[in-house]
Structures are given as structure tokens and as C-alpha cells.
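In what follows, structures are represented as C-alpha cells.
First chain A sits with chain B, and in the next complex the same chain sits with chain C.
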Partner chain A sequence: MTSPDITRRGLVAAGGGMAAAAGLPLLLAPPVQAQSKTLTLLNVSYDATRELYKEINVAFSAFWKARTGEFLDIKQSHGGSGKQARAVIDGLQADVVTLALAGDIDEIAARAKLLPANWQSRLPINSTPYTSTIVLLVRKGNPKAIRDWADLVKPGVGVIVSNPKTSGGARWAYLAAYAYGQSKGGQAAARAYITKLFRNVPVLGAGARDATTTFAQRGIGDVLLAWENEAFLTIHEFGPNFDIVYPSSSILAEPPLALLDKNVDRHKTRVVATGYLNFLYSPQAQDIIARHHYRPRNAASAAKYAANLKPIAMVTIDQAFGGWKKAQATHFAEGGLFDQIYKPA
Partner chain B sequence: MSPAARPISSVRLPGVAFALVAASAIVMAALVLLPLFVVFRDAFDKGIGKYLAAVSDPDAVSAMKLTLLVAGIAVPLNAIFGIAAAWCIAKFEFRGKGVLLTLIDLPFSMSPVVSGLVWVLLFGAQGWFGTWLIDHDIKIIFATTGLVLATILVTFPFVARELIPLMQDQGADEEAAALTLGASGFTTFWKITLPNIRWALLYGVLLCNARAMGEFGAVSVVSGHIRGLTTTLPLHVEVLYNDYDFVGAFATASLLASLGLVTLVLKTGLEWRHAGELAANRKH
Partner chain C sequence: MSDQTRHIGSVELRRRPWLQHSILPGFGLSLGITLTYLGAIVVLPLTALAIRPWELGLHGVWHELSAPRVASALKLSFGLSALAALLNAPLGLLLAWTLSRYEFPGRRILDALVDLPFALPTAVAGLALTAIYAPNGPLGSLAAKLGIKTAYSALGIFIALVFIGLPFVVRSLQPVLQELDHEVEEAATTLGADARQRAVRVILPAMAPSLISGVSLAFARAVGEYGSVVFIAGNLPGKTEIAPLLIVIKLESYDYAGAAAVGVAMVAISFGSLVLINGLQLALAKRGKA
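After this line comes the complex of A and B, so read on.
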């Protein structure tokens, strides 16, 4: 039996080797700069806004530094909108939420009471500084000749969309499709249409990004029901192997934002969080928003980037579904219409 | 030490053996080497400059530090727990031993998602202790503590499972002798038990460490995915992949793969040099 000394040396040497190997890449990294007063803000957002907020955060940090002299460190978290709302309800310490739809922020207000129920009236235009819509992204040359919603339910068409339970974009997509069905003959026609549509869906991703990578990177399916900005981003990122098809009508998607009162008061970030949300309405932010293929509220920005914003007929959730609360309860709640019509393949 | 571990290789079946070896080599190449090659190829796809930029990105560096921190806390704790559990299971007889063994194995049979979710149910804002934690401004979920807890839960069988068969094999004779000769409990542990199990312990620690650094499912549930704050390396890979930053994703993945390769080399070295002392495990 070897002596304990050798044992210890062996352990130490091996442990040291492990630590050295693990720590090696750290040496390549520049040292972290010690900053004096830095405010931290956490923006919990949905999947499709990664690139948008990267740019907004840089612009706002500079704006805030110039105005107050304070350094800002804006942290981001992205994922399916419903999943993100769930995390905030479970205690993710967001100062602001910028989610895909009002229903998810309503959930936060109802379950975690982090903000008042009337949150949506606190900021201009329903707390939505920009809108977006759902479009169809098809493969180059549109081999399956997909022109409108009716073409999606044809046999042999693979439709890629994420799970409406976890993804905000998918809920908008579902409602856009349902509204099309309604326009063709009321509830019965809509239900028949949406049932057939989801029969053509081979796989449901958790968030918009899952669906996009399934379609663009893994090459599955013939058409992606995508956020308008996500469709443009896909072409930008994956090259011109895709075409965007604007259907005859779609839905006016309003992704809202809100400050979480209880959290900002605990973090003492109310002032900067308010500044951040208001900044999104400024001409500078509205231009950034338009450049990322969202539809800005500011008329000047919209005019400047008119080439990005093809006109399209859009129904609103209030007209077609009587608001989010009703839509959520009818379609996406446990046992709702989506649960009834969707049978995983 | 354990004769049961040896004999198979002495049986000669040249044709069958060759076919089996060839088949496993092909499967290994396709399932292990090819993905590994792809990771490194895609990481260096846009050149070494882009690779270095990706691995020195502040979020990547912070993910790396967080991963090392989480493993650095979880692994030693699990090593201590593993030794304690193996000690009492192997050296003592008591009622409920079978239950304890089953409990130790539970994380192996439980989905990592569950291992993460239990902490949310306990410490999440809507969980059992949620209100109390908020009132006292203690952050567990969506913070480093939660990541450590989830990692501990997922990896705690590794050390214990390595040690238990070995210590059972060794019995308590040497310790009994030491105690009879007047050694204190601590001296007995330090001079008899620890030296006897050291290589198996190190082996268990390596496996535990590999899993701790690579764990995805459980930490994903408790992370909140805040970039540069609560994303460990595996989570950061996912974030970058979903950002369409494929070079970044694969560069980060290559770091993880490198950590894995270092572990593998250390593990192989251990097996090669100390096969005898690890052999007790093979029977189980």
C-alpha cells in the first residue's frame, strides 16, 4: 500500500492539472474592467427580439450615459414568450418585460402581482411602441406554390410553426390563420381550417427560433409561419434561399412592454427602467425598430423605411377575437381549442 | 484484486472478435468522432481570429467562469457526500440501507428537467418558500445558487456510485485493525480509508466534474437565461445557436468538448495505471 503522502500528492497534482486545463481558455480573455457606478437592468423578452434589443441596449446606454452620467449594464434574457412569462412569475428578477403579446403580461399581473392589472394603459398606444405581423416564408422559387392561407392545408405541404402554448409568435400565427378561416365562413369553417392546418405541422418548436432553425438550418418543411422581422432575418442570416410571401390578410401583432413595479422598487431601478421603455418611443429607437423590420408607430420612421414595410390587410385581436383575455381562454388555455384540434403526429 | 474482471479476453474467437471490433469502431467513428470533428471544424470555420473573438467575448468568458464556479462548488460537495454515503453503506449494517442506495441512484433515473423543476417548486416565487425568500431578498432560482443546487442534484450519485462497490469489496478489516491499535477515527480515515479509495475517488470526481460542467437540462430550468449572468457554457451554446451565431456556438462547444477531452485523458490515465484499484467497479 502506498503511503498517504503519495496519495495526497497524486490528488493535488491531478486536481491542479484539471484546474489548469479548465482555466486555460480564461487566459485568452481580456481582464474584466472594474467600473465605478453601474446600474443593471434586466429585460426579459421574447425570442425574435434578440438582434433588436442588442442594438437598442447600446443606443440607450449611450443616451443614458450622456444624460445622467450613469453606466448601464442591460442584461437580456430571450425565449418563447409564454415560457419567459412563466420564469418571471417564478421569480426571474426582470425590471422590464418586452413580450410578444399582452396576454403573457396579463398572466404576470394576475399570478405574481408584480404590476397592476391596468398596466397596458400606462404607456402610449397600448404599451406597444411597434407592431408586427405574421408572414409566410417559403423556399426559394416557392416550389409548392404557396400564395395564401388556403395553400397551407393542401396535402403534402409541411408547415413549420412553434408551439402556441409556449411561443407568442405561434399564438399570433395561429390567430392569423384562424381569422382567415373565420372570414371564409364563421367559427365552423375556422375550426375546420385550423384543424387541417395543424395536421400539416410535423413538429412544434418551443420558441420562434426553434421553428426558424428547424425550417432554415435543418431544411424541414415547405413553409414557415414567421414573424415578419424573423422572416427578413432568416434571409439575412441564411442567404437568399427563401422567399417571403405576404398572405391576403394577416393579424396586427402588438408586442407590448411593461415595467414590473415590485421588481424595480426592490432593485431601485424605476427611473432608469421608465427611461428605457420611453426611449423605445423616441425617433432614434423607432428608426432602429424599423431597420429590424418591425413596424414602428412613429410615422416619420415608418415613412423613412417604407421599403421594409409592405402594406398588408390586418385584422386586430379586438375585432376578430374580442381581445387577448377571450382569445387566450377560448384557444390556448388548458383544454382550449388548440388542445382539442392538435394531435401530435 | 478481483479475478472476475479479467478472463474474457483470453477466449479466442478471431472472426467474431474482429467483426465486433470493426463494427464498434465504425459506430464510434460515426457517433463520437464525427460530431467532435464537426464541432471543431465549425468553430474554426471563419478562421482563428473569429474563434478567439468568440471565446473571449465577455458573455462567453462569464459563462466559462460561471461553469467553473458551479462545478467548483458542486463537485467537492458531492465528493464529501459521496465518501460519507459510501462509508456508511459499505462499512456498516443498518436498516434502510436499500432505501438509501435507491435514493442515491434516484438522480440517475430521474429526468434532469425534474431535477431543475423541484427547485423552482421549492424556491420559485410561487413555490413553498417563495414569499419568505422574496421578503428576505434571497435569490436562489435564476441565480448562481439555483444553478449549483440543480447541478448537485443531478451529479450526486457519481462519486458515491464509484466508491460503494470498492469499499464493500475492501471490507472494514483494515479500519478495524487500525482502531484496535489505538488510531483515532480521523487518523483511520486519513491513513487507511482514503488511501485505499483514492483512485476510485478521483475517478468519481472526474465523472462528476464532467457531468457538472456539461449539464444542460436541469440548469436550463433554473437559469432564466440571462446572458453574461446565469448562462453556463452549455446554455451559452444554445443562446448563441439561437442567435444564429454558429461560429460562436461551436467555438463555445469546442471549449466544452476540450474540457471533456481533458477529463477523458485523465480518466484513461487513471484506468491504465490503477486498473486494479478501480476494478471492483467492473463487477457492478
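After this line comes the complex of A and C, so read on.
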């Protein structure tokens, strides 16, 4: 679990960056050139977006330089979505958060009051410029013949997933599986299904990357419940030893983003932070998003990369669970359904 | 006059016995610094921790700690830490003996290697151990052939705890072994003691106090170990979930009070066991003097 270090490193980097931004131009640059200053932005994100934001940040820095003449230094911090939200609540000086689920940003709004409770209505389409879903990653040739959710609870199948309490991706995966169970016979069937599913989980990682490492590098388990983009990335990183299986249905995951009002006002970065978030809706960014196997909102980008985006039936969290707040309270709160799975029988 | 001073002094001493420390100058200053330092570094954070869970109420704290998942995590953490420390006692003793009593090529390198678990970032240690003991790793695959699960089981946690505890035992014993006078052993020999008697009745008693303190240090370190264990543990609630991980999971679910409750329980158990071990050490030291 590398995430605590990353968070801390993010904090240090952000601190160092801000010091550099504030101090160095004053010390080094002659007063004449003072208008071409360097701005620092810290984007606190979840585990699976490392590669996406690396490319987005380069593109946005160039875009911003061309438009305003300002140099940008965008710092990233990645980790399990819940962990990242807690770091921000505890004082990590993020300008923007791009987390795996709205519930984690709700927590930041409720506990640290860094942004208003209606944050999600401030940007287009529920503040989610892209969506994603959960797919099944199996070993090459699919030796255990895993085609759909039903195959995951068969005896002898090892399922790798992270702990939904700490990982946003795992929460979506849990909900996708639960929604499948619901479709086969309501609450009771869903409960029985999800219990059986987690009995087949030999290792619980803390973030999406933990689970990927366990599955791909340590060779544990037969199927990984993964973000769609993470599944493609695994094949890209670890070679063609894996196949992606699209189940009969999955969940429409909407990872939202928001700027943290109190922090951007303190850092005087509101303008650039707003520009950064809006940039994610631009055709250029939407193309990058699609190239990284996320599902863009922009129809033209989606059409351009249609080969990347296999159609799949998706339920939304509002349809199947009555929204995040309800899902959170029923499934992931202390003593909720997820905890009950692990009650010793 | 000097008689009188002595008289007054002894009355003073009898009435306020702690004053006898002040025979050395600087007592007030050094005690002041000691108390301030300990207060700021140890007592203050521990107090903050101890206050936190009570917002749940006595009943709430009990409810928190009696949950089967918490109980099993505490049992796992303390049980495996004790076992790991106990295994490190004979092995650490042997290592310390080899390193301080024999002269052989490469001894210094071996000696330096013992410190590695101290110096290595725990996450690196965890990753390295997992790579070796995972079912597709060099040792893990051997164990798997024998039907033994190493990484992602309680055994994996045990291995990590043995790894991080070893230097504590070795480093506590080495100075004592080096200081132990050969004359004592020679005297025992001239008095007719054989090798086994020398080891059991002369060397071991001299080392017992530092062996115990080394083992208790290793135990205390293992109880709190997080970084290396989470990689190799599997982290299944009720099975391979250690108490420090449970604390982190509770924190990440914004359950600060619940996390603090588990923390307080860990501090209480650790403190209790350390007091017990200290008592044992004292008893041993007394017997050694008698």
C-alpha cells in the first residue's frame, strides 16, 4: 500500500511547490519579467487516474500558457478515494479534487466545509466530464470460463478486489455485483450473492492499484474486478497475459470533480483551477480521456474512439440504489451490509 | 557545625527522600527538561488519543471493542507479535553468539545485515517479502508445493513480524556477550563445569535481562507494525486483518472515535505486557543478586 507515502509526498511537494511559486520568482526573476509567474495547482485524485492526469496536465499547461502567459506547475496526488478525501479533510492543500465517487466529495463538504454542499451542480453533467464502468479481467484464454457475474461465486474461483471501505473503484465494483444480484431476485438474492462473492476473495487490497498488483504481479486469483481503464492499462503494462470480459451488465460509474473554494481562495488559484476543471470538458481533453479508456461525455470523442468503448448495459446508482447517500448508509457505513459479510458465521 | 549540618541533612532526607538525588548538581533543570520532553512527545499525544473514544460513551467503547472483527484483529496482532518475538529469542541469541564469539571472513558484513530490517522503509520490506513468499515467488512456490500458504495468510504476517523484530534481539544481546568476562567462564571451567553447565548456569543468567528486553522491544515493535504487514497479509476482516490496519480502515470511514478506541485498547494491552515483562526482568535481576 503505497498510498500514505504518496499522500504525504503530495503534501510535501505541494508545500515545496507553493514555496517555490511564492519565493523563487521574487528572488530570482528580475522585476521586469515578474508578470510571467509560475502558478502551482494540486489535484488530489484517486488511484486509477495516474496516467490520465499526467497527459491532461501537460495539455492544460500548454493551453494555459498560450492563453495567459502563466507557467503552470500541476502536482498530482493519488491513492484510494476515501483515503484521499480524508487527507484533504485533515488539511492536504488541494486546489481541486477529482475523486472516484461523489460521496467522498460530499464528505469533504460536510466535514471540512471547503466547498458548498451543492458543489455537484456547479459544473455540467453532475460535475462528471467522463464516466467509466467495472469489467472483469481474467487470465489469458479464460481458463475458468468466466463470462458473467454468476461465474464469480462458483467454488474454486478466486476473485480479486479492493476493500470497498477504502477504495472507490471497489465500491463501484461491489455495487455492480450487488445490482446484478438484485436483478436476479431482489434484496435477499443480492445479499446472498454478494456474501458468496466476497467469500471467494482471498486478498483485499486498499486501493485499485493494490488489487491490480496482487492479480497481475503476484499471480493471485482468477478474476480481477477492475475499472475499465485499469483493465486496459493492466494489459498494456503487464503484456497480453490477460483478457477483458464484459459482463451482461455493469454500473455507470461517475467520478466527479470539484474545486475547493476555501483552498483556492487561500492560494489565489480560483481562476486557473476553474479553467482546469472546465478544460476537462473540452474536445481536446475528451479525446485524451477516451484514449485512456474512460468514457467521454462528448459524442464526437466517443465516436472517434468507439473501438475503445465496447457497449455494455449499465445501471445507474440512482436507479439501483437510490443515490450515493442511501447506498453509502446501507452498504458501506459502520455495521452496514459490507461489514455483515465478514461477520463470523 | 558539620555535625549539625549532617543532622539537619539526614532529617531532610528522611522527610523528603526524593531530595537525595540532588547530591549531583543540575537535578532540577534535568528533571524539568525530562518531564517537559516526555510530556510533549509521549504524554500529550497519548492523552489526546485516550480522550477521543469517550465521545462514544463507556457503552459505545465497549461495543466497539467487543465487535468480533476488532477482537479478532487484536488477537491476531498481539498473538502473532508474541510468537514472532518468542521465535526471535533463540534465533537472535544464536546470531548474537555467532557474530560476537567467532571470527570468520564476512563477519562484519553479516553483522551489518542484521541492521537492515531497522533501516529499510517498512513498505519496501513488505514488498520484498511478498515478492518472495507470494505463490509465484521463489520461496512461496516451494511452500505452495508442500501445500503451505505463506503470503496472504497469518503465516505471512508472522514472517514479516519475525523479520522486523530480529535486530532488536540481536542488538540487545551483542554488547552483553562482548562484555561478559572470559575469566568468569574460565573460573567455571576450573571449578569443574562442563560446556552445558557453563552455558546454562553462567552465560544464560548473565544474558537473561537483555534477552528479555530485546524480546519485549521486538514484541512492542511488531504490535504496531503496519507498513510491511499490509502487503503480505491479505487483509481479510476476521482472518488476516491486523489491528493497525483496522484503525486505518476506520479512519478512512471517518470513524475517528472508533479508531481511537482500538488505539487505546492497543496501548493498554502493550503497556500491560511491558509492565509484566519489566516485572519478570526485575525478579530475574533480584534472583541473580541473591
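Going forward, the second predicted complex is superposed on the first by the 306 of 345 C-alpha atoms of A that agree within 3 Å, B and C clash if a C-alpha of one lies under 4 Å from a C-alpha of the other, contacts with A are read in each partner's own complex, and residues count from 1 in each chain.
The rule is short, and it goes like this: contacts are C-beta pairs under 8 Å (C-beta built on N, C-alpha and C of every residue); 3 or more make two chains touch, one makes a residue touch a chain.
The model shown is predicted, which means the values in this text are computed figures rather than measured ones.
Peer 1: Quick check for you: in the superposed arrangement, does A:D339 touch first (chain B), second (chain C), both or neither?
Peer 2: second
Peer 1: Classify the contacts of A:R209 with the two partner chains as first (chain B alone), second (chain C alone), both, or neither.
Peer 2: A:R209: touches chain B, not chain C.
Peer 1: A:G323 contacts which: chain B (first), chain C (second), both, neither?
Peer 2: neither
Peer 1: In the superposed model, does chain B or chain C contact more residues of chain A?
Peer 2: Comparing chain B with chain C, the partner touching more chain A residues is B.
Peer 1: Using the superposition on chain A described above, determine whether A:H78 touches chain B (first), chain C (second), both, or neither.
Peer 2: Touch status of A:H78: first partner only.
Peer 1: With the two structures laid over each other on chain A, which partner does A:L42 touch: chain B (first), chain C (second), both, or neither?
Peer 2: first
Peer 1: Is A:L92 in contact with chain B, with chain C, with both, or with neither (first, second, both, neither)?
Peer 2: The answer is first: A:L92 touches chain B but not chain C.
Peer 1: Should A:R111 be classified as contacting the first partner (chain B), the second (chain C), both, or neither?
Peer 2: both
Peer 1: On chain A, which stretch or stretches are contacted by chain B in one complex as well as by chain C in the other?
Peer 2: Residues 1-2, 89, 111, which sit in both footprints.
Peer 1: Can you list the residues on chain C that touch chain A in the complex?
Peer 2: 68-69, 72, 123, 130-131, 134-137, 151-152, 230-231, 234-238, 248-249, 251-255, 258
Peer 1: Spell out the part of chain A that touches chain C in their complex, as residue ranges.
Peer 2: Contacts found on chain A: 1-2, 5, 80, 82-83, 86, 89, 107, 111, 163, 165-166, 201-206, 218-220, 332-334, 339, 342-344.
Peer 1: Residues of chain A touching chain B in their complex?
Peer 2: 1-4, 7, 10-11, 14, 17-18, 21-23, 25-26, 28-30, 32, 42, 44, 47, 50-51, 75-79, 87, 89-93, 111-112, 207, 209-210, 213, 233, 237-238, 266
Peer 1: Show which residues of chain B lie in contact with chain A when the two form their complex.
Peer 2: 52, 55-56, 58, 60-61, 64-65, 68, 120, 123-127, 130, 133-134, 137, 139, 141-142, 190-191, 194-196, 198, 202, 206, 209, 213, 224-229, 239, 241-244, 255, 258-259, 262-263, 266
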